[in-house]
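Chain nomenclature is as follows: A, B, C, D, E, F, G and H, assigned in order of appearance, with residue numbering initiated at 1 for each chain independently.
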Amino acid sequence: MNVTSINARLMQGNQACAEGAIYAGARFYAGYPITPSTEIAEVLAERLPQVGGKFIQMEDEIASMAAIVGASLTGAKSMTATSGPGFSLKQENLGYAVLSEVPCVVVDVQRLGPSTGGPTAPSQGDIMQARWGTHGDHPIIAISPSSVQECFELTVKAFNLSERFRIPVLMMLDEVIGHMRERIIIPAPGELEIVDRKKPKVAPSQYVPYEPQDDSLVPPMANFGEGYRYHVTGLLHDDTGFPSNSPAVMGEHQDRLHEKIRRGLHEIIMVEEVQTEDADVLLVAFGCMARSAARAVKEARAKGQKVGMLRLITIWPFPEEALRQLAEKVKAIIVPEMNLGQVVDVVKSAVEGKVPVYGICQADGEIIPPERILEKIEEVL
Amino acid sequence: MFAEIEQYFRTERLPHIWCPGCTNGIIVKSIVEAIQKAGLDQDKTVIVSGIGCSSRATGYLNFNTLHTTHGRALAFASGVKLANPELNVFVITGDGDCTSIGGNHFIHSARRNMDLNVILFNNNIYGMTGGQYSPMSPSGAKATTAPYGNIERPFDICNLAIAAGATYVARGNSFNTRQLTDIIYNGIANKGFSFVEAIASCPVYYGRKNKLGNAADMLKWQRDNCITKEAADRLPLEKKQGKVVTGILHHEPAPEYTTEYQKIIDKFQGGEES
Amino acid sequence: MRDSWEIRLGGSGGQGLITGGIILAEAAILEGKQAVQSQSYGPESRGGSSKAEVIISKENIDYMKVRAADLLLVMSPEAAKKYVDDVKEEGIIILDSTYVKDCEPKKGKVYKVDISRIARQDVGREVVANIVALGVIVGLTGVVSQEALEKAILARVPKGTEEMNKKALAAGFQAIKSVVNAA
Amino acid sequence: MSSVAETTQQMPIAINLSWCKACGICYALCPVKVLGPDELGKVTVIQANKCTHCKICENHCPDYAISVVGGKKS
Amino acid sequence: MNVTSINARLMQGNQACAEGAIYAGARFYAGYPITPSTEIAEVLAERLPQVGGKFIQMEDEIASMAAIVGASLTGAKSMTATSGPGFSLKQENLGYAVLSEVPCVVVDVQRLGPSTGGPTAPSQGDIMQARWGTHGDHPIIAISPSSVQECFELTVKAFNLSERFRIPVLMMLDEVIGHMRERIIIPAPGELEIVDRKKPKVAPSQYVPYEPQDDSLVPPMANFGEGYRYHVTGLLHDDTGFPSNSPAVMGEHQDRLHEKIRRGLHEIIMVEEVQTEDADVLLVAFGCMARSAARAVKEARAKGQKVGMLRLITIWPFPEEALRQLAEKVKAIIVPEMNLGQVVDVVKSAVEGKVPVYGICQADGEIIPPERILEKIEEVL
Amino acid sequence: MFAEIEQYFRTERLPHIWCPGCTNGIIVKSIVEAIQKAGLDQDKTVIVSGIGCSSRATGYLNFNTLHTTHGRALAFASGVKLANPELNVFVITGDGDCTSIGGNHFIHSARRNMDLNVILFNNNIYGMTGGQYSPMSPSGAKATTAPYGNIERPFDICNLAIAAGATYVARGNSFNTRQLTDIIYNGIANKGFSFVEAIASCPVYYGRKNKLGNAADMLKWQRDNCITKEAADRLPLEKKQGKVVTGILHHEPAPEYTTEYQKIIDKFQGGEES
Amino acid sequence: MSSVAETTQQMPIAINLSWCKACGICYALCPVKVLGPDELGKVTVIQANKCTHCKICENHCPDYAISVVGGKKS
Amino acid sequence: MRDSWEIRLGGSGGQGLITGGIILAEAAILEGKQAVQSQSYGPESRGGSSKAEVIISKENIDYMKVRAADLLLVMSPEAAKKYVDDVKEEGIIILDSTYVKDCEPKKGKVYKVDISRIARQDVGREVVANIVALGVIVGLTGVVSQEALEKAILARVPKGTEEMNKKALAAGFQAIKSVVNAA
């Protein structure tokens, strides 16, 4: 018997996400079961106590989201996971985390349809909700893994970004990626970078909790219980953390929330380019659809068609720059996505008419097969 | 008293936003006195609130304070406490915040018996939004959304807490501040979910809508209509009719959530398989 | 051995086909190959029809879904009906003849094996029908080695059931041998 | 905390007028009418000498605007 | 004393919305108070019993949304009203109403910020949430009134569209419009058209509840209690109403939901054009901002600048056609909105680079004054 | 029986999706029998459910049926009933659906006392999602999310219903079908919020995780561990220990919500000012 | 409802095999072992004549696959 | 009378300025004019500073907010500080001198009237200070007729308080007359 990679294992995407969280230092999980995300909770219920962490099944998704924010304020890296219906319920408190700048990671394993929809059927239908699901203006970071290995590594990255920018980071899995099992190599401890929130350097009496100390505009964050007594609120507030009705203060607060992310774009944006150098047709894909698109690229190239792919790893903020540069070069863009048209409109808005943009939009619980993409390529070439 | 105020309040933020004669301020002082009596470290104490007039209290208190979303204070607080059980965690909430939108978190927190100290400011109305009826508005009461009188029956929230599993349940009011401080203090001593209903008055909305007189009149109503459990136990039924019973109504310790969780960690930490 | 296998296992809820697919994929990984396993469910996590897919390859696997299968195993009439056409012309079809009657696929090479009955009667419990099925698949195709398969099975089954599972595996190997020989 | 006069034996009641909201509770509850309203309805001391140090006013002022020295600790 | 218009009254926007609901035939309201929408509940608590209708204050916004769907299924025209935080909470059940095609009207009186934000400060920050707030793909109709008169009349229209298309219709007020009082003339009974849901014409045994009977793709709807016993679910389902896991069925269901709205666009889309005939600069505005923009148009014209306005009355589905036609004619588009950039991106996506599009985006609790718009006009001219 | 099945079930949709040996089907039959006994008009009867295995029942029942979102059945049902009080409204819900995510709607519905008939299928687990613990899983029970045993305390949901204001509260199980039918029938007769906890078994997840044997074994457990209230009242305390009490636990009528509302309409309809 | 044989005096038990899920409840609970499993575990009548019409099987079949005639109405 | 008035009323929570603004707008509508009334609040629906704005015009009113006011009335020092500069050069400023001391506006014509004290002492209850204020405004400007104003007041105040409110209105008319005369 020929056992080659002893570190290689077969692992499910959801499990890899859970293990990635532990690797990243997550020590708190609160959740409420929902297909197709439940395995994340189940793995962490078992694993967290083994590393001294806490797992709690809350009464619902609203409470779960609240609990991870509370936990994070004590310094615990915290996570919750859910799917569409639960993601909708978490929106209010997700907005709280954005406004009060509490790091945490929220996993949404996307399933089909609005409402209960098709609970076991895959989809990529929550992409726009990830951006706009909570009320009011707010920035967000959302990441989409395309393999089990990435479920692990991007979860680590999600925690890093969350701690770095004091913002909830969304891991937008889809049912295909969450439930499929494939080969993964678990990185050794220390192999991946781990980022922790910046702590205040001043004495408690000097601490102004929401006052940025550098150009990043991300204020250092004290944990509850460390002697820095401060106030956290979901009201718009000034740098001291106390609410204000002043338009100047409220406007500044909202602007800074966005601006800190804008300034961090170079750290946040992740894309992968596949054979884009000479591409005439660019596929823009993410999540499980990037796998189908990758196959399409391969088969199209085999036929001599110049096709490339821009894989969106970061979905929000949207990788506009990378896309715009490619839009200068290609003749057409095709966006295959498992929904009825979400990212395709964002792509359109970003390329501003420079090249024609086509969607392949399908929301029936099936992954869009390479064949359909290949057909479209034929059509636009 | 000014010295204690200086120590426990963010005096630079006073006077608070509450209306003249609102008794929220009185109840907050009792909380602070109970904390002082219990000798809790301010740095190790977290006070969590929801949204409502009463929930604005956290902004004035010199602790780690967390003003959350409407109804969710207990869920946030559960995260704080479980993540770091060394922290003393208090929850300040209103009758709407706790029993209406937050009712589910309330019964589940009581059931789990996490070591949280909850003080419900019961003014029988949604104050912050301007006087709508709450699940604790008496039947027949007037409110902006009950112009013809409330046809719902109010919760006996202490009973509900007991049925849901709370291990310590007490009721006080903003007139009898000594009792209120005492029952909060005793709740702190209970290792588990401790619940105190504090009867408050909202002269501006509840009082005005229901013609209950001015702020002082409403406080006097509390004085004249509450009897302690000890007194009630001695009285014949007919004399208790219509009276509100205060004091410690229930105390029955049970295993505390974070303690039980720690046992699991102690047993399985480092292990790979269960 | 071929470079790549696309395998589909179809049946109903409790037949353990997803576990079967996982074991197959794990066996492949034990051999240093790439493997992807995926599935589809009935309502929420339970019941209804169930489908597991495994792709095993020496190369990186991009698309994770089985298109036309190299090998199809079906253990229920519904699954047979649903999947029997999505097989390559030269593909292999294994029917669990305990449940799948009256199914005459139009393409592929067909093997009828009384898998569930063998599990129930020869091994003693129908729950191990999936292991019998794995024996049949691997016995027929060698998609993974028999050693790797056994190792993968033993690593995954509940403690105390090892012997029964080994017996099931052996029964599967045996069964396909008889069928092939009879053919 | 803004200016509050020192208390004395003769004037055991310290008042922080900037916090007083003129709710009337203290002077309605003071058993011996030591306190009363000023022209804006805020608290004012009418007859300090009658004060029994019962602290009813201090305990029921929702705005922490009154502090009474002497008497037993509440 | 010179009393001219005896039918004229001063009325608050929120009240007009409530009165419009009654005029439209609404006989059920369930809600949970929240600033700045509360007056709608307060008015209806008093008014509904007077017309034999029902008002109930539920335990939260989730329950309110659920209750109006339940009520609507019995035939009662139903409404709820809320603001941002409550709107976030309603999202899950809003998606239920979309999927199961239950008519109802949801009012969101927008206030500032994510989370609790600035509860009494106006904003137009929930526009994208209105479109994408619930998980999964779904169509929606959203309407934005700009005056108290429109609060009344468009609420009637909202009920009509909701009944006509079996879809929840969102009334997107903003705090300015909801709280301001102005002159209104209440239409006489019969003056405005009232639309009721189409009832089945077949016998109960022949009723296939989700089978469209005509090109509108909107199936006739029986009310509970009328003898047509059928099943309503939030799962994707076939025409009989029973759930299915079949991709064909699920895909068709999702497609029909969108297609029925597409086919009804001519009935749904409402815009107002103000001095667009010869405009070089087009302002695109909605809600209270349309009032500020109208003033800007007037003052710009007074200066001799050729400025016009496209007022979006229907916001979703987005009036792409109307916009595209104008985009052919103008030299620049300016979108002043009280948020940090929502409709402006949709405008960009729609005009596909044909003319430059500028946003005036401000989220500080103040209405953007005509001055700021005028400045921008100077800038782009 | 087949005739009744034909009348009250959508037989073309049978067999149902429930696992072999799941007792949900037994409980549903009792509901139907109670409805038959009460002589309710199918056209005037609405059955509402949430999400969960048990909540799938509505799809099989030949009434006006409404399968809603997880935890919200009672809120939808309240809308149905208040909008048209002539309809008989039933709610089918699971222990997770009703007491976890739906807990708030539960206590408020009980408090309001709207005329709803609620049957909670208590299988002590989240069945639909594959075996996570619920607020009604016993302490110590195993579940996929309680691999080390559940450290939470379960609700006594009947007690909670009573404390929240339910006017009729009963418990039955899927073994004693006659009793179950009777208590549901009596609940229908109560004009107000009627709550029945029906003990169900989930052999596939709860049974397997907790080694409770096969479907028949679990039914026998119900037979052997439940005693009726009447019997329990006669037994000495030690003999009751560990037993589950079934039967009508509480019945105390109170004004019904829609009736009270109608009084307001009757009084103020046509009026312009209150 | 698919084909179910008529019941008779000798065979008071009607079974709808297409609904039976082989859960084993009926034959585990039948007090006199009238019922038993077939080779797939589904219900089968072993000794009809012993049936007491107690209807325990009918009442506890979660799948409505059994109907017993005679005896008193349950 | 002028074609259009932009009026701003500023004070603190309980002073009834929003009601005051509403009454003014209603009076305008009674006269067949256009009117828009808007306001800003403190936290949620309560407390803090409060501002009411009324635009009265013979024409349609597009923009509903007061920019530079034609008339400003302020009844608290905070409001005075906040709004006193947003007045037209030739605008009118009325200060409630009961509460607003030490305020010397840089532009506009300033009238100091002891409004709250008049309400409290002359009329008997401070709650009617807003009505006194309306009397002052209308007495000074004639933005609406005195009849329309009285009608609007009586239509809105609680039953049983009509006399007190009439008295307050008269006191307001009187007060401004004295101030103007004294000037």
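Note that contacts are C-beta pairs under 8 Å (C-beta built on N, C-alpha and C of every residue); 3 or more make two chains touch, one makes a residue touch a chain.
Since the structure is predicted, the reported quantities are computational estimates derived from the model, not experimental observations.
Enquirer: Treat touching chains as neighbours and tell me the shortest step distance from chain E to chain G.
Expert: Steps on the shortest route: 2.
Enquirer: By the touch criterion stated at the start, how many steps lie between chain C and chain D on the shortest route?
Expert: Counted as steps through touching chains, the separation is 3.
Enquirer: Could you find the two chains linked by the most C-beta contact pairs?
Expert: A-E
Enquirer: Quick check: how many Å separate the C-alpha centres of chain A and chain H?
Expert: Taking the average C-alpha coordinate of chain A and of chain H, the gap between them is 53 Å.
Enquirer: Between chain A and chain G, what is the separation of their C-alpha centroids in Å?
Expert: The separation of the two C-alpha centroids amounts to 55 Å.
Enquirer: Could you please state the distance in Å, as a whole number, between where the Cα atoms of chain D are centred and where those of chain G are centred?
Expert: 85
Enquirer: Could you tell me the distance, in whole angstrom, between the mean C-alpha positions of chain C and chain F?
Expert: 41
Enquirer: Specify, in ascending order, the residues of chain B that touch 2 or more different other chains.
Expert: 18-19, 51, 69, 100-101, 103-104, 108, 128-130, 135, 147-148, 261, 264, 268, 274
Enquirer: Can you list the residues of chain G that touch 2 or more other chains?
Expert: As it turns out, chain G has no residue touching two or more other chains.
Enquirer: Which chain E residues reach two or more other chains?
Expert: Where chain E meets two or more other chains at a single residue, that happens at 35, 38, 46, 49, 59-60, 62, 85, 92, 96, 115-116, 119-121, 233-235, 243, 245.
Enquirer: Show me the residue ranges of chain C that touch chain A in the complex, using the header's touch definition.
Expert: The contact residues of chain C facing chain A are 22, 25-26, 29-32, 34-45, 61-65, 67, 145, 147-148, 151.
Enquirer: Considering only the defined contacts, which chain G positions touch chain F in the complex?
Expert: 1, 4, 14, 16, 18-19, 21-25, 28-29, 58-68, 74
Enquirer: Quick one: in the complex, what on chain E touches chain A?
Expert: 62, 83-85, 87-89, 91-92, 95-96, 98-100, 110, 112-121, 123, 125-126, 128-129, 131-138, 233-236, 245, 247-248, 250-252, 254-255, 258, 339-342, 345-346, 348-349, 351-354, 362-366
Enquirer: Residue numbers of chain F touching chain G in their complex, please.
Expert: Going by the criterion above, the answer is residues 1-2, 5-6, 9, 11, 14-16, 18-26, 29, 174-175, 177-178, 203, 214-217, 219-220.
Enquirer: Enumerate the contact residues on chain F facing chain B in the complex.
Expert: 100-104, 107-108, 111-113, 135, 147-148, 151-156, 159-160, 162-165, 254-255, 257, 260-261, 263-264, 267-268, 274
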